[in-house]
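Paired with chain B in one complex and with chain C in the other, chain A is shared by the two complexes that follow.
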Partner chain A sequence: MNSAANSNSKSAAPRKKRRRNFVERTLANLIRNLESALFAEDTARKNGLLQRLDPRVKIVGLLALILAVTLARNFFTIIFIFAVALLLAVLSRVPLRTLAARTWLSVLAFTGTIALPVIFITPGDAVFQLPVLHWTITAQGLTSAFYLISRAETTVTLSLLLVLCTLWTDVLKALRVLRVPTVFVVILGMTYRYIFVMLETAQNMFEARQSRIVGALAGGESRKLAAASIGVLLSKSFYLNQEIYLAMQSRGFRGEVYSLDEFSMKRRDWLALIVFLSVALLAFWLGRQDSLAAFLSF
Partner chain B sequence: MHIPDGYLSPITCAVLYAASAPFWWFALRRVKRLLNTKLVPLLSVFAAFSFVIMMFNIPLPGGTTGHAVGVGIAAIVLGTWGSMLAISVALLIQALFFGDGGITAFGANCFNMAIVGSLVASAVYRTVANRAAITSTRRVVAAALAGYAAINAAAFCASIEFGIQPLLFQDASGAPLYAPYPLSIAIPAMMIGHITVAGLAELITAGGVVAYLQRSDPSLLRFTAPDAPDENELVEKGGWRSTRPLWIGLAALMILTPLGLLTAGTAWGEWSAEDFADSKTREEIAAASLNQAPPEAPPAGLERLSSVWTAPIPDYAPPFLQSEQFGYIMSAIFGTGLIIAFFLLCGWIARRFSRDNREVSPTVSGNE
Partner chain C sequence: MEIEPENVFEVRDVAFRYNDVTALSGLSLSIKKNQRIAILGANGSGKSTFLRLLDALYFPDKGSISAFGENLTESAFQDEEFAFRFRRRVAFVFQNPDVQLFNPTVFDEIAFAPLQLRWSKDEIRRRVAEILETMEIAHLKDRAPHRLSGGEKKRVALASVLILDPEVLLLDEPTAALDPKSQSRVVDLLVDWGEKGASKTVVTATHDLDIVPDIADYCFVFLNGRVAGFGTPAQILADTDLLEKTNLIHAHRHRHADGSIHRHPHTHRFHEHGK
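Right after this comes the complex of A and B.
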């Protein structure tokens, strides 16, 4: 991968580290997506608490919790649901370190950057002044930044718990409970399948190209290459579509979609549903208590 | 661009879900009627395609890279409604399976990128490309502009959604509960990033892919341009002719610009620092602002910033011209000329970008 770095000696000043060209960066991106999907399938097959529940219960329950987080009007509720999410992750044998490295850190980096200026510009009660710059940090600013970050972290954890603890085929099947039309569910399922075909095609294309690159790619050249790669992928997907259609037709596809409904609610599932909904309801109620915020914030 | 959960209030999310629903319903009906049984595989494959190109790093001038949503190219190949559905499905998979973009914010993301993006991209592409030949350079320019306009329209919608949050939703102490920045910060912050980096990525993707398809697979461009001629020669003759009414209209507007002198008062909000000192202008400002008296001294920031940039043609009339009317017309011609020159430059760059398509096209174009 690094052979391209050494061959470019045109620039006079010695370069510290060559920037990865867009081919490598795209490859890294594609592989990261494949990896996270594989990781999800891996954890979904473990024998944990959430994995054993009916997918419909998980969708309804986790969605109710996500809704409770977005509705909350004080910290305490958000932290409470985050703790619930952590507990669920531990009981479902989701490795927390991977979750932290993959999700929490990247959300913190993104949302944290966005939230940082807020602590200075929100008008309100001053709590601290930066020594040199004389910028004032306000209590309201801190609160607001905390809301944004904690909400983003909690909701992303909850939504990932669903895919980390459920096989994607089951997620799709369970979507019909939420009245998503069957044709959409089938499209979603096929899309998910073909994403991997496409990711692999793109990966092969870029690897083939990367292995032929000597030296740095000029800007115009790389833009042409990017556009051509997308164009090739587009043509390929068009042919793929025709082939899939013929294959579907040859198996008797007439436009109607049927699917087997093999879920059955056990006692455990009903119990879990009740627990989920009561936690969510408790959080709804806690979230509306403005006085709780005043009481708990020193 | 993918709004995560927690940035928008549940009510905003609900409103945007409701706003998206009729578009989805209508798009599904349209596409179903057109494709019948082909709907399922076509949408699936193109949604997968949209998903994958969102992962691509598009190299930008200056050595950086950016991500494109691909709504421009989707709208050109699949048409408005197909693109709406394909991008929505791709966004749903991102939200559900990859934690990219929120689940409660899914309606908002679809509204911005899939719906507004597709509508804007189609409108711009169809207007600019008009009836140009499938392999003409004009289609490349049209596609590039379509992608650029679409992503900026989407970013603008998102920035408004962000900007209204602190106005509407605060906790007991007055701290914003969701996205904390007011419109005055959210709009410039979002737009600067999209007018430059993200917009360019989309521009390069849409324009570049159309240029590539013109020489490798022009049949894919047929769907949104069924009656466009194949050959380039037709374009040389009449490609721009149909824009003639637009040119005439533009000229008429330029000549009519001195009409602005007939209106009373100053444009609201376009006051200069001196206007606050002049008693006559102060009355005008007060009359135009529900009889609110303007502040005694010009705002400090206005005074400071007004010295930063001095326009070459102040108040539309250069000092050496005695006639104000003539000054207005000159300014209009000069300003319009600058804008046209800018777009000609864009066109020239796009032509360079697709130059080698000419060398191949005689054998490829028109066969499919």
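Right after this comes the complex of A and C.
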């Protein structure tokens, strides 16, 4: 059947490729994100360094490194922690290509947009002047932009390592053990859980709609349909919300959630925690060394 | 003389409305201990609403429902001890397993109810391990519910309530949207569970007539929120007028090889071609 369809399409006159509308693009992105979540789960099940550690150690250790990056006053320290993050990624079998595609490029694009004006508007020593616009790039502006981008790249890399190397369920449990309020953790868990259900619903709605549409819709018509779909999805989510509440009530829920959290710290977990905290402390100390910053001119 | 088993549920003249839509009206029936009951009815006949009333998730606008001799009212459920006692004895499996599986993992899902009922953690661990084995889902323990198949979700949903070893199990369309193999596994589980002890009561809302003889001793047939028929599965399934009137079957016409047109109720179950 497919081959028949293909041969028909081949024999037909070449048509102008239809530009995907807003809903199609949004759904394509959502589905891609769904696949990303599934990929993250697969990575979390690999037999790597971070995957073998207790989730509490990972959360505390990586948060300590993130804090050290945030407080660092010199570029060297940030690079040092970034190198540590790269090493962790390699030892945890996280493909660097994945990190580059998902983190480094998107963070660079996003933070770069914010950082771009900084290189012109920060007062300081002129380094270069744009030929036509006559805008001056200053050394201090460049430094600020570098700090902003490198900090963002490093912290997001560390956060992504946590997400990629830990099952989401373990992250939630670890948060509960680390005294994050249960209600907050439960809401987080349920939100994540039902994103998939709503995503599937949205996809079904979209496919059902696509199957009944011939040709391209006018912009206004497309927007109307998008608005209607969003409305239906919202009302479905309200209905789902009521049903889930009833299902919780039916099993004894009375407004307070109780949980069963059990992790056991092994020797390697304690060792990893000590290493993480030592590296974070070292980075914190290095980050406060103004002489290092002066030496490196940053 | 046979001693009548005590009533688990006593429903008297119950009416229930969703805003302007009447879901149930003038409904009266009783369900006895150790009975396996099927609530049959087409979509919108009030089956699901009725189960929710039995599980005290909704309360009647009119009339009364009692369970184990105690009235189910909103004020009664303010008392935590009463609520826990009831929730421990009566369990409800929703039609859509996605509604019921809201925890991050299968293990958490099964441990949810006993945790809310404040069982000891050791007891919970022991019971969860047991039920995972019994339901043959131990391999799914750490899986997230959204990555399970329809049949697996249903078994986890069942496990999540059977862990309480309830006296009454309420099931809303337990075989809906399942493939034939998953359907038969669910039916087998229900049959096994129903035969497990002398004090098990199972109330199943369904319009799947094929499973009725396996899962029920008696049937109530609902039409527009009222009881339109009652009897054993054999009696009800033989009453084609009642089944047709309540939209559980429809008249089916087809042409035979000799050109004659044959008409019979279409049930997938009773299909005899007499001359």
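Some observations on this one:
One rule holds for everything that comes next: the second predicted complex is superposed on the first by the 260 of 298 C-alpha atoms of A that agree within 3 Å, B and C clash if a C-alpha of one lies under 4 Å from a C-alpha of the other, contacts with A are read in each partner's own complex, and residues count from 1 in each chain.
One rule holds for everything that comes next: a contact is a pair of C-beta atoms (placed from the backbone, for glycine too) under 8 Å apart; a residue touches a chain by one contact, two chains touch by 3 or more.
Because the structure is predicted, anything quoted here is derived from the model rather than measured.
Of the two partner chains, neither chain B nor chain C is touched by A:Ala89. In the superposition on chain A, contact is made by A:Thr143 with chain B only, not with chain C. When the two complexes are overlaid on their common chain A, residue A:Leu286 makes contact with neither chain B nor chain C.
Looking at the superposition, the partner that touches the larger set of chain A residues, chain B or chain C, turns out to be B. In the superposed model, A:Met190 lies in contact with both chain B and chain C. Once the two complexes are overlaid on the shared chain, A:Glu41 sits against chain C while remaining clear of chain B.
In the superposition on chain A, contact is made by A:Trp168 with both chain B and chain C. In the superposition on chain A, A:Leu240 makes contact with both chain B and chain C.
In the superposition on chain A, A:Arg251 contacts chain C only, with no contact to chain B.
When the shared chain is aligned, chain B comes close enough to touch A:Ala228, but chain C does not. Shared contact residues of chain A, touching chain B in one structure and chain C in the other: 168, 190, 192-194, 197, 240, 244, 248-249, 253-254, 257.
Contact residues on chain A toward chain C in their complex (touch as defined above): 38, 41, 167-169, 172, 189-190, 192-194, 196-197, 240, 243-244, 246-254, 257-260.
Contact residues of chain A toward chain B in the complex are 19, 21-22, 25-26, 29-30, 33, 36-37, 40, 63, 66-67, 69-71, 73-74, 103, 107, 110-111, 115, 118, 121-124, 139-141, 143-145, 147-148, 151-152, 154-156, 159-160, 162-163, 168, 171, 183-184, 186-188, 190-195, 197-199, 202, 217, 219-220, 222-224, 226-235, 237-238, 240-241, 244-245, 248-249, 253-255, 257, 290-291, 293-294, 297. Partner chain A is touched in their complex by these residues of chain C: 52, 55, 57, 80, 83-84, 87-88, 91-92, 94, 96, 98-105, 108, 111-113, 115-118, 121, 124-125, 142, 144-147, 160-161.
Chain B meets chain A in the complex at residues 4-7, 9-10, 13, 36-49, 51-53, 55-63, 65, 70, 73, 77, 89-90, 92-93, 95-99, 102-104, 171-181, 185, 204-205, 207-209, 211-213, 216-217, 220, 353.
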